[in-house]
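Pasting the structures here.
Two complexes, one shared chain (subunit A), two partners (subunit B, subunit C).
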Partner chain A sequence: MRPYVLQGHTRPLNQVLFNAEGDLLVTCGKDSNINLWWTDNGVRAGSFDGHNGVVWTCDITYDSKMLLSAAGDSSARLWSMESGEELFRYRFNEPARACKFSVGERQAAISTDPFMNSVSAIRVFNIAEDPRDMQQTGPDEVIMLTGPRGRITRLHWVDNNRHLLSSSEDGMVRRWDVETGKVLQEAQLHEKQISDMQMSVDGTHFITASPDRTSKLVDTQSFEVLKEYKSAAPINSAAISPIFDHVLIGGGQDAASVTTTAAKAGYFEARFFHKVFCEEFANARGHFSPINSVAFSPDGTSFVTGAEEGNVRLHHFDADYFTTNWDRV
Partner chain B sequence: MGGPTATLRPEEEKMFEGQPRGFPFGDFDLEDVMLPEGEDMGIPSDTDEDGQEEEVNAESGFGNVLVVDNLPQVPAEKYEKLTAILTKILSGSGRIREGGLFHPVDEATKMSKGYAFVEYENVEQARATQGALNGYQLDKAHKFAACLYDEFERLAKVPDAYEEPGERVFTPGENLLDWLTDKRGRDQFVLRYGDETEVCWNDAAKQQEESVYKRSFWTEAFVEWSPRGGMLATVHRQGVAVWGGKTFERLQRVGHPNVQNLLFSPCEKYLLTFSEFPDNRGRPHFVAHVWEIRTGKRLRTFDGPHEEYAVGAMARPDRGMRWPAFRWSGGGDAPVLLAHMKANAISVYQAPDMVMLDKRSIKMENVQDWEWSPNAPDATFAAYQAEQGNLPARVVLTKLPSREELRQKNLFSVAGITMTWHPQGDYLAVQVDKWTKTKKSTTTNFELFSLREKDTPIDMLELPNKSEKIQQFAWEPRGSRFALLHGDGSRPTVSIYNMKDNKSSARGVTLLHTMTNKQCTSLHWSPSGRFLLLAGLGGGHNGVVEFWDCEEMTLLSAGEHFMAQEVAWDPTGRYVATIVNAAAAMENGFQIWSFSGQPLYKTAHDRFFQLNWRPRPPSLLSEEKQREITKNLRKYSKRYEEEDEALLAQADTEFLAEREKQLTDWRNWLAAKKAAVEEREAFAREQLGGRFRAHEEFMLQEVEVSVVLDVKEEPANKV
Partner chain C sequence: MAKWGDLLEDEEELPPSTTTGPDAKGVVTKVEYYRNEKGEVMKKTTKTRVVKIEKKVYKVAQERRAGWKKFGEAATERAADSVTSQTPDEVQLERIQRQKQTQEEKAKGASDFASAMAGSDKSAIVGSLRDMLYKKRMERQLLAAKGLIAAPERPPDEDGPGGSLPTAGSGKPGGWVPPSLRNRIGGAGGEGEMMQKRRDENSVRVSNLSEDVTEDDLADLFGPFGPIQRIFVAKDRETGESRGFAFINFIHREDALRAISKLDGFGYDNLILSVSMAAPRPERQ
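For the complex of A and B:
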């Protein structure tokens, strides 16, 4: 089916994200906007206005009531998904990058970049039943995790909220103990930064994306690399299909060198790999600059890509995608 | 290098006692054993104590003295003259110290004793002269024997009585032709990318390459196959190593510090190594060694004044020497000759003793360029002598060793000449650029020599537009056609000619076909002829390729390997590779095509430097047998096709089995994680309370959908 091209950003996209039901899509980008879209028809449902710096990442609660965003304006904000109203603002002295609700959404983890005298950190907060109450009480910081250098690009809560996984600019994935603040485990997965890390539905494995032109499927428990997907160009984002053994990879020639090369050498397609065979079997063209973020809808029937040029493309799979036996192709 | 593993002197044996066998290892990388900067690990370095080096120099005090023997013995009246001559010869490669020549005379007979002691300014000069002077032929009867004084003492100690050496055990050598025994007749190529060097089969049927041998840091510069594919040479800072056989064992290595280029003789017996650096006065200076590969023996060294070799077309603008200035003839049973050009002459040396053929160079006034015929038994070379005074310019074909002039052609107002030999030596094309009357522009024509015909007739060819620029001239291997790439601008014309009429096979240049406006920068004939590849390489051409059948003059297919910079046919003409090397920032790798332009497979390697097909030796089958095979090709090909199919079917099964295994492994892995998944779900359920829905809700269900595409009403036939 022809994709919906969602034109709601004037600058590069940073993240595209479905809610748990898959009916809503949140996109955020360097133009400091956060947009909300209906996924069945590509119509914009609204926007979350207030950030005045690049919005790096977002997270949505399981019941789609609340949105958390982390931005370069040194703040992270909690929004009401229904009204678009800002519920609470975490203020930092450093740009905020990754953010993630814990399972059950009683806590949130937010990473801040190294800046001036501050080092890179992950801050864990308790969230009040009604976040508006925190406007009086102030944020309830549980612990601050620091140590390794380099920006932390993505966060995931694992092991029944006891641990946090972080991916960082030095190509490392680390497991932190939220109680003690210690690094329990770490692995050098990439030569360059890890720009995206997405968890599988069952949480047993995750996928990393790196400009070192590889994407890796990793065991959540042991950090053992299970599979490796190679591209000819830097990879910015990778997602795991919730229903098939497929992974989706987005990236492309570095934006700085795009104008010096022919368009088709840019590798701006979204690429589908077989998760087990590590072979590319399909790709979707359309973007004319590097793809910065990709995501599968939770039911696996659609996928979305957001690129440097500011466009978001929302694809719904055709029927033959579901009828093909992909293990035999 | 000198093979320290092979010959350890007794005291060295003691030094390396307890070390692993073969220590010190020859093929280590110096970088690997260097201590980190500013850290000596408690190991004293011998450069720390400055005084020691002096001592080594003064060990005997005669390091710079050379003993030259086999001099003529002359009476007193000729003594002065001989001494003068000696002084001149001996100071060729080094400066003799003041009063450093001692040329003794027998007091009784007043005859000179026939030897001399020469003291040089330093050890290096003495060594250099020794190398150059040993074996110097003064005249018929006197061949110099030069020896360092220190060395001389050692040699003098050699016992006079001959002691029979023990019988050596024969160890069978590597089978250098092992790769030819491949059942499927595949070809090999060597790849160099990143720090890796890899030899692969080109497995076109399976559409992939298959690794044969791979080694990191195998070479420090480049690798090169020998002309018949028996050996692979790797280039290192210390010299050149030669490898071969099934497991790529080292066959030989030769020491030539900072070697830059190498040239195998076509018979694979000899190797020329070459290096060029400015001397201490900043002038170009070169060293070339000729080696016998089997023994590793150095046969001759060329290390003369640079200007003597860099003449005519061999001279670079910076007065250096163009590579290759030395060129091998030969192959097969014909004598192997090495030749180079010098001012007004060409010098030819005959292997293996590398003495000059007939002891004199071949005189050629004002010679500018020359080239051997590629066909060995000919031993013919073509040379171009430029205009001089009243003498016209001329191109002359000379046959060796008789020095007989096969044919010559006088030419006038020549601006430049390019000679192109047919790959089998059947023809020679001479592109002549001539000045117009105004001397402001040039026109081009071709003189085409037919060497296989009586008296070597010459045909003249002019293009319709004489002033057009010729970009390339390419002979069809094993055929009589040639292709021309001509025209200005980015879209030139390709013309294909034949040297004889195809029907009557009478001689006469005929135009077969002209293609205008081609996106083409170079022409590449298949090594077996007939098929021609037009390639648009480099910037702005995107790597477009066109495959032409010149028998039928039809376009077989066209394709593109984006950014391609090089084209390389395999030695059989069955496959061709297009290459994007590290000169391009992206897309590095290669693509293999069939001869008809079908893209077969593409492999990407970052920092891709080299793809070289392994050459094949000439066929052992007689001409008749080859013709018989071509005639009954169908019968033979049927058999091989069946074999190929069986192999492919097997490969398919293997491939599927491998996939099945991967899938099973993955499912087993997932199954092993089941407990963790359940625990996680339970936790999520607990945390989210009523809000939780398991993701099973999204599981795929098979639904049958029937759609009515079209409904038509037709009257039923009444029976």
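For the complex of A and C:
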């Protein structure tokens, strides 16, 4: 494996994200940049310029035509993926953190942080056929979901867009009814914040990552913890392989204490766990600071890691990854 | 008598080199003729296996790749100041060596296996083949513990009853029998003849195996039924690929029969195994 190192960010990465076909990669970070890359050779295809603050999360439509980004400059923006043009800007009084298109992309959910007098909220918007039209008509807000405290870090649409899953800073995962705005179900999964939550391909289970040094595989319907992956260092992100029983975990020693310890003790490797046996079976070195976000490509043939140092590493698996029997001791 | 090489030398021209294949196994055979330093005609046959690796690309992705122009910072970026670089060194997926279980843990695992059984039932384990095997083995152990099936033979404990040596005839069924006395059913025939006979009699044929099943996998699968003398996975002589069947020679015939009864029709690697006694090899004349 000779990974591509993508140095398009000057500050820590927040999220790395593939599109549906896996030919495009979007990365966003604290330097208010969003970059778009071709995954075959790692060449930068473009940058979405406009945000004035940290870009927390992004989401790509299924047809890879539109990008939604949520940023700390109290805005969320819709972009054209092909041209990089800003199509629409949602303005809030609070920093926006998580964002997600609904299945079918007729709606979008955007979470905003508690700020000044306002509490944390999930806002659901209808998206116009041509988002540029909303520049005249204004955003079409359907409902605002509020109640629990704490920032909402990740959102997922489930149950045919009827419900939203949210993960939050207080270690809770909640299921919201989008129509009534009520919390239907909640579970305390982690002691500390949930920094990442990624769905499996079929949506039956998801994986959470937390700085409490665990990552958990959770059933989407019952919120039952199916598996727990333990690490010696805080975990920032976790992804489920779409083709194997493998789980990719990224994290590492707290950024604040990185300079005081040797890089070797930092656990900055991208670490592969067996999904069922919960044992770490392999890792890949490269970063010299905590990994903030990991992702598998949709076909499972490559993975990408974005770290605190601002580097993104795009790995295409060697042929032996697919032929090795990783289950064997 | 002239050699065929000499005959060829008389003629001015060398036979044309021929290339045949690829055949069904992907083997290309190339035959070339050339003269060495002494002027002798040499024939060189090269066999190469051709493997085609297919890479699928989405049509929309291809169109995007061709049609999209760079924008933002990427548009003004020159090749010299590219933000993308490939690492000069190979980065390996470094395999983690698992810690070997200590004796204590093993003992604990063995005594506490009923609860392990409950645990493995509870967790919804789907799809993992090795887990299925583990579960299967656990079930067998449970049955053995309940006395529903005979436990596998074991050597007697050191503090067990000594004295008279057990023989195949006198021991109770399932009792330990020294290897030299095992399988002495007829009692006739010399030792060498018996070895041959034993192998043929207790050989189990497994077919419908997937291509990447190894001897070790089969040892895992058939090991629980009893001691195995030999495992043979049939491989293609030219490509080295498994041909989808294997022979397992058990030391005891009853183990072989039990393995057949349990594993015939067992789903392994998404395939349904077919397990039967191997037909004895026809007598060589």
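Rule of thumb we're sticking to: the second predicted complex is superposed on the first by the 326 of 329 C-alpha atoms of A that agree within 3 Å, B and C clash if a C-alpha of one lies under 4 Å from a C-alpha of the other, contacts with A are read in each partner's own complex, and residues count from 1 in each chain.
Basically, a residue touches a chain if its C-beta (ideal position, glycine included) is under 8 Å from a C-beta of that chain, and two chains touch if they have at least 3 such contacts.
What you see is a predicted model, and the numbers here were worked out from it, not measured in a lab.
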- Message: Just checking: does A:D254 make contact with subunit B only, subunit C only, both, or neither of them? Give me first, second, both or neither.
- Response: neither
- Item | Partner chain(s) touched by A:A284 [first = subunit B, second = subunit C, both, neither] | second
- Message: So in the superposed three-chain picture, is A:D177 touching just subunit B, just subunit C, both, or none of them (first/second/both/neither)?
- Response: neither
- Message: Applying the document's definition of touching, compare subunit B and subunit C: which contacts more of subunit A?
- Response: C
- Item | Partner chain in contact with A:P298 - subunit B first, subunit C second, else both or neither | first
- Message: Let me test your reading of the model: by the given contact rule, A:E186 touches which partner, first (subunit B), second (subunit C), both or neither?
- Response: neither
- Query: Which partner does A:V201 contact after superposing on A: first (subunit B), second (subunit C), both, neither?
  - Reply: first
- A:E82 contacts which: subunit B (first), subunit C (second), both, neither? second
- Go through the superposed model and pick first if A:Q221 touches only subunit B, second if only subunit C, both, or neither. first
- Item | Partner chain(s) touched by A:V276 [first = subunit B, second = subunit C, both, neither] | both
- Is there a shared patch on subunit A that both subunit B and subunit C touch, and which residues make it up? 63, 226, 245, 276, 327
- Message: Please output the residues of subunit C touching subunit A within their complex, sorted ascending.
- Response: 57-58, 60-61, 64-65, 68, 70-75, 77, 82-96, 98, 123-125, 127-128, 130-131, 212, 216
- Where on subunit A does subunit C make contact in their complex? 1-8, 21-24, 33, 35-38, 40-49, 63-64, 82-84, 226-227, 245, 269, 272, 276, 279-286, 315, 317-318, 321, 323, 327-329
- Task: Give every residue of subunit A touching subunit B within the complex, in rising order.
- Result: 62-63, 102-104, 106, 160-161, 201-204, 221, 226, 232-233, 242-243, 245, 253, 257, 261-262, 264-265, 275-277, 298-300, 322, 327
- Item | Residue ranges of subunit B touching subunit A (in the complex, touch as defined) | 542, 562-563, 585-587, 604, 659, 662-663, 666, 669-670, 673, 676-677, 679-680, 683-684, 686-688, 691-692, 695, 698-700
